[in-house]
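Before I ask anything, here is the structure I am working with.
Chain lettering (A, B and C) follows the sequence in which the chains are written, and residue indices restart at 1 in each chain.
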Amino acid sequence: MSTQRGLHVTNLCREFTARDGKVRRAVDDVSLTVGAGELVSVLGPNGAGKTTTVRMLTGLLMPTSGTVLVDGHDVVRDRRRAALACGFSLGGDTGLYPRLTAQQNLTFFGMMYGLRGKALRNRAGELLAAVDLQHRADDVVGSFSRGMKQRLHLARSLLHDPAVLILDEPSAGLDPQSAAAMRALVARLSGEGRSILLTTHDMREAEELSDRIVLMKDGRIQTESTASELRLAAAERHGHTVNVVFAGGTVPDEMAACPGMLSEQRDGGSVTLRAIDGAGTVQWVLTNFPGRTVSVSVTPPTLEEVFLEMVSAT
Amino acid sequence: MNATFLRSAADQLRMHAKSPMSTFMAVAFPCAFAFVIRSNAAEGHRSAELTADLSVGTAGIGMLDAIIVMVVFSLLGEKQWKTLYAALGSPGGLVPVVLGRLGGIVVQSLIALPGTFVVLALFWGIDSGFAWGRWLVGGVLLALATASVVGLLAVAVLRFPYSAGMTNGLTGLLMALSALIVPQSALPGPVRAAAFVLPQSHVMAWVRDGALGDIAAAVLLTVCYAVLVVLLVHRLEAAVRRKSVPLEV
Amino acid sequence: MTTVLRGALLSYKALFTWLNPLGYLSSRIVRPVGMAIAFISLSSYYGAAIGRMLIGSSLLAGAGAVIYGMALSVGNERSYGTLGTWLAAPQNKLAAACQRALPHIADGVFGGLWTYLACGLLYGEMPLGVLPFTGLLTLAVLTTAGFGLALSALALVVEDLFIGPNAAELVLMMLTGTLVPYDRLPGFLQPVSDVLPLTHIMAAVTDRLAGSGWNTRQLLTEAAVGAGWFVVSSCFLFWTVKRASHRTELA
């Protein structure tokens, strides 16, 4: 056993052989680390290899090569300990026993993780309360809404109090209110010192929750950084968005001479332009149109733009 | 109505005709039963060549199993995909879709007739007095009769959650009541009386050298069951609209 | 012990699809009696004694409950999308499969006994007393459980849930002497029959119905066959659990 806490993935690969003998590499040389108390989001288009990666991290799928250490335990060589250190939620409408109540589901799953008797009963009750399902504890899960099932998935993943938590799209398909509640819950779990790996398609969720973001495409990690670093790096390539509102409802013709401007879009007295040097553009506007400028704002590209740029890059 | 019915039947064949489970139930399962029948017939020192009644009865077991399995597969699939609401919202409602599925299933189940015949003929040879006409007409009628009765199961599968388990009971019950393996007269008293209300037992009576009255009774009962199925589907439609009975798993 | 039983009951409720009034009535009450009626009628129609067929059909009813139940107790994990969670959990899969078999073993005893009593009343004949039959039935469902464990394992790798138990039921019907007498099997199938559950019980039943005492050797052989199946099936389960982790589609 290694003494490394959290999740450590090194050179992870997974190949699938099709019936015609063709080998497809679904995950290609993925390395990442989620330290104790850290939350890392993995973003990527469909087919990027996120789910295959998650399945390998949780011990559901054997890697072709590479290593995964969960709280110091190798998921292949020390599967039992790794499983005890890792909680995961694959979310969705399935993955729970529809004919059992919420309490019975947690009891049954808890037994799979070696929990017994009063300790299990108490833990199930505690977690149902934590995910705000205590009032539905005795209802069968088949009658639950998608949001309630997602919360129960999360409760299930926490039964054995794992140090590492892997959440696959925990807020997929939830209404805005439920999604916000789910984000708050995940943030709280992260605050408790757990290492959390989150896969999501929700850029806002990733930006709001993550310490770092990993962008995956074609089975490979394209880049890994904090959300703000990713946005600033993109701004250096594609410029900042500068929005200027002029008094009098018209944009001066001289705006077309703005240095470093990549594109502009006018709408009445407002102009939105893209410029490499955001601060320089603001300074130029304020210098050239003193008294006529009502407001100026500058923003780097959004995470969604960063994501789309990565997806469209060949 | 007709177009939907035909489309539904064609889709049934397109989606499920290659189902290994259906072929297994239609051919392998009844052949195993035929093996049991023949072994016991030999023990009782009676003739056990492949006669029309043995062939149709064996195929009937296959049809019964295949039809039950396909009804459950097909309709549970519709419930899982939540496609029945679209059918319910269409002008014709659920009836042409359900009947179309049953129609496709009947066609699918007919494989049991030549399928079991070929296997059994290869093993045992064909009896010189094999009644080809009764084999063919009886076999087709048996498929229609079985589908009309199993149509009741279709309604139950549509109406109730977790109803797939009911298929098991139907196989056992209908096999006993249909007189597929032995003539009605060989069944115990209460079972013999119940067998009278099933069209399959009349089809089998005709195949076993019965009179035209048997075939008339079989056709009449088949039509009665089909009408009952249509009425029950209509009733289900009303229940879904009025009481919000779910049409999904 | 309480935990084991609680887990067994939860697995039964969670994974046994037919656990609802209609499903249970149909699969455990109506089906075995219907099948037994068909076979006993067959036997009586061809002039053979119905006793052996009544016992054979009833033992098959019990065995059927076990093989379908054990296959469903693992295979339905896939239906509910929980297979991945179960495989990833550190729980010993062999112990879990055995735990999950318990309610189906009880079900098998109940179903077999019910079939025996119902058909006995219907045909007015009870070839064995209720107690000796219950003893035989208990042995039969236990040995079948060893065989059923292989079906639990198979359910991990074969996606069509019912192929395994249906095929297994056919094999038991044809080759174990329950419906087809052992000496009527083609010679090359007799060695196969020897290693299947139920065969040696039926051999003991045949001796008994012929007026001899209970053939203890056959009953012990039956127990040994059950134990053998348990060992083989356990190895198969370990292999299928390992193999399942090499595949990607678990749900």
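We adopt the following convention: a contact is a pair of C-beta atoms (placed from the backbone, for glycine too) under 8 Å apart; a residue touches a chain by one contact, two chains touch by 3 or more.
Going by UniProt, the chains are B = ABC-2 type transporter domain-containing protein; C = ABC-2 type transporter transmembrane domain-containing protein.
Given the structure is predicted, the values throughout are model-derived calculations rather than measurements.
Enquirer: Give the touching-connected groups of chains that are left after chain B is excluded, with no other chain moved.
Expert: Chain B out, touching clusters collapse to one piece.
Enquirer: Farthest from chain B by Cα centre, which chain is it? Let me know.
Expert: A
Enquirer: So which chain ends up in the middle if you average the CA atoms?
Expert: Chain nearest the centroid of all protein C-alpha atoms: C.
Enquirer: Pick out whichever of the two, B-C or A-C, is joined by more C-beta pairs in contact.
Expert: Spelling it out, more C-beta pairs touch across B-C than across the other pair.
Enquirer: Please work out the Cα centroid separation of chain A and chain B, and write it as a whole number of Å.
Expert: 52
Enquirer: Please tell me the distance, in whole Å, between the geometric centres of chain A and chain C computed from their C-alpha atoms.
Expert: Using C-alpha averages as centres, the distance is 48 Å.
Enquirer: Go ahead and note the Å separation of the Cα centroids belonging to chain B and chain C.
Expert: It comes to 26 Å between the two C-alpha centres.
Enquirer: Going by the contact rule already set, what residues in chain B reach two or more other chains?
Expert: In chain B, residues 162 touch at least two other chains, as defined above.
Enquirer: Multi-chain contacts only, two chains or more: what residues does chain A have there?
Expert: 99, in rising order.
Enquirer: Enumerate the contact residues on chain A facing chain C in the complex.
Expert: Those in contact with chain C are residues 16, 26, 52, 55, 58-62, 79-80, 83-84, 86, 88, 90, 92-100, 104-105, 107-109, 111-114, 116-117, 156.
Enquirer: List the residues on chain C that touch chain B in their complex, please.
Expert: Within the complex, chain C touches chain B at residues 17-18, 20, 22-27, 29-35, 37-39, 41-48, 53, 122-123, 160, 162-163, 166-167, 170, 173-174, 179-181, 184.
Enquirer: Inside the complex, what are the residues of chain B that reach chain C?
Expert: Spelled out, the residues of chain B in touch with chain C are 20-21, 24-25, 28-29, 32, 35-37, 39-46, 69, 156, 160, 162-177, 180-183, 186-188, 190-191.
Enquirer: Any idea which chain C residues touch chain A in the complex?
Expert: My answer: residues 3, 6-7, 10-11, 13-15, 19, 80-82, 84-91, 96, 245-248, 250-251.
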